[in-house]
């Protein structure tokens, strides 16, 4: 962490003054009168962003564990599909994946009229399930690759020791293999989650109203271009900062011996 | 071949994707995407090289400014950056040009795309190259210095060749990000592969066919790039002891 | 060697970025997303449609050297004010709200706004009958402004393009969409539009729905505005407008 003494070097004070002047200039000479009107919508959008981020990261990580395991030690009929999945997800743009899921699948619905009377229809007709699905698969694809390395990185000796104690395979996985692999990936998780945050605005293109969509709405309604975008950038930086801090604390809490 | 496609009910798709049909449009879009990706990657490398040197050997102010640059770029979504840089970039260039008494500057789509993605790539390239330069054993650079080599020659003859093997995996990753990030330019209306796909899909209503076809094209780019970078990495590592069975 | 090549490529790219090619061309911005029958791409990558022909006719009549420049609809006004394009001719209605930011030429066409929905759905174009329904609209359009003002009881879904809204109407994800009557007539006659029909025109509100479609230009760009006005007047007077319209529609749309 940066301490006050480090911060108080002459050049930094000058830079901070310049920065403060810039902020004041922005506050005074740019247009911010739209904020009160759109604040409630923006809060809803912010909530949607955070919610989609949290759910897709969590589910994506759960999916990444079997994907990584299958690639690291699975038999060929598990490892090949897992590897293919990761390659496809990592090899194509997320925007395309989102559109394929939402509009591609949507274009097939009319061929199956029974879909509209099914239990799932209330979900299928909304946009957020596709957004969560696409982001979850994306996170799983990238993190699955990381987990593969993490599982392979667990020292063989430990597993052999566990085996020689007669530990059942699942217990061995739960007590030794998984915790160590997770600890191995912990330093990368924060970064991956920030990458995931940066992917969330893409779901605005399929009508999900998250924070980016709100800024587009402001632009469309008022024709103000820069101000909503600048504020949006600041909001994303703040969320990224919170994520980075949270993972740093989380990491510090986990026992490490290196 | 055609018979097989008919049997599978893909005859219509094959016709849509033929080169005289919309397939030609997709390939044109792919060419645009690759052009932008290549330019952005190159611009990113240049920014990254200067950035890395600035971060390692620059003055206090340079280092702090670069830290702000890399932090901001890596925390804000590319989509937002693209919009900001796209509108701001042409605004600034025109204002400067007008201030200098010049006329309006025409900025074509490809150049704007390269500038926008290049600035984003530069932040990541800075970090990759900084890490790679740091991984070069200090002794090698000191040895070059003690021979009286000028700074630029050290960079050209010692640092860069020696860091290549450390930088290539990170740079390969950046190149893949560059190719995929070009898709985001669809949102500001560049005619790259994703927008061409969307236009073709909405004109023909064959959404599934075209999105799958575009996905396939992107995947091919990724796989081919992977093969090329594997060769480059092998070349960059020539003369170094194999890492297999070592710490990896 | 490799690095040299990369550096060379990057320098070339940098030069390109700064490259200035000042020519006296007028960049006419159209929406990069197809909007048939006004503007759409054919399979060889050319823009075709009623509005494209009108653009060419207006430019010819006004003796302007025009290049058609597709930009994202959602950012078309920022592109104009940011000088990426010089004029907008993308079926953009002349509204009070837009006039605060840009200027418009005289209108060159005018159509009512309609509500389209599934044939089986029993609704009309009134706010009451749309209450509780999901209505899809395109972002940054008069239809979005209108729906936000009048259809307060409905759930609004905002799409980047009208085509995506149509696609979701076809898929059944939305109950209805509000859009321009001619574009929708084209849609309901298409293969996918067979599901749906035009339920009626919405009650007019000139303050929101505007006074027809005109060419947008930057405020203060009076030379171009006058030239475009001259061009629009010329094609209306000499029958070119009528001739182009007859190729696409059965009734006049001016």
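Order of writing sets the chain letters: A, B and C. Residues in each chain are counted from 1.
Methods note: contacts are C-beta pairs under 8 Å (C-beta built on N, C-alpha and C of every residue); 3 or more make two chains touch, one makes a residue touch a chain.
On a predicted model such as this, the values are computed, not experimentally measured, just so you know.
K.L.:
Examine which chains touch each other and state the graph shape they make (line, ring, star, complete, other).
P.N.:
The chain contacts form a complete graph, every chain touching every other.
K.L.:
Based on CA centres, what chain would you say lies at the far end from chain A?
P.N.:
In terms of C-alpha centroids, the chain at the greatest distance from chain A is C.
K.L.:
Is the number of contacting C-beta pairs greater for A-C or for B-C?
P.N.:
The comparison resolves to B-C.
K.L.:
Just the number, please: Cα centre separation of chain A and chain B in whole Å.
P.N.:
21
K.L.:
As a quick test, compute the distance in whole Å between the mean CA positions of chain A and chain C.
P.N.:
Roughly 35 Å separates the two chain centres.
K.L.:
Quick check: how many Å separate the C-alpha centres of chain B and chain C?
P.N.:
One centre to the other, that is 33 Å.
K.L.:
Would you please write down the residue numbers of chain B that are in contact with two or more other chains?
P.N.:
Residues 83, 87, 187, 198, 205, 207 of chain B touch two or more partner chains.
K.L.:
If you look at chain C, which of its residues touch at least two other chains?
P.N.:
74-75, 78, 82, 160, 164, 167, 192
K.L.:
Touching at least two other chains at once: which residues of chain A meet that condition?
P.N.:
103, 106-107, 205, 225, in rising order.
K.L.:
Please give the residue numbers of chain A that touch chain C in the complex, ascending.
P.N.:
It comes out as residues 103, 106-107, 109-110, 116, 124-127, 205, 207, 209, 213, 216-217, 219-221, 223, 225.
K.L.:
Going by the contact rule at the top, pick out the chain B residues touching chain C in the complex.
P.N.:
For this pair, the touching residues of chain B are 20-22, 24-25, 28, 38-40, 42-43, 45-46, 83, 87, 90-91, 93-94, 97, 102-107, 110-112, 114-115, 118, 160, 164, 187-189, 191, 195, 198-200, 202-203, 205, 207, 232.
K.L.:
Quick check: in the complex, which residue numbers of chain A touch chain B?
P.N.:
Per the stated touch rule, the residues are 9, 11-12, 15, 87-88, 90-97, 99-100, 103-104, 106-108, 194, 197-202, 205, 212, 225-226, 229-230, 232-233, 236-237, 240-241.
K.L.:
Could you pull out which chain C residues touch chain A in their complex?
P.N.:
For chain C paired with chain A, touching residues are 74-75, 77-78, 81-82, 97-98, 100-101, 134, 136, 139-140, 144-145, 157-160, 164, 167-168, 170-174, 192, 195.
K.L.:
So in the complex, the part of chain B that touches chain A is made up of which residues?
P.N.:
These residues of chain B touch chain A: 60-61, 64-65, 72, 74-81, 83-84, 87-88, 176, 180-184, 186-187, 194, 197-198, 201, 205-208, 211-212, 214-215, 218-219, 221-223.
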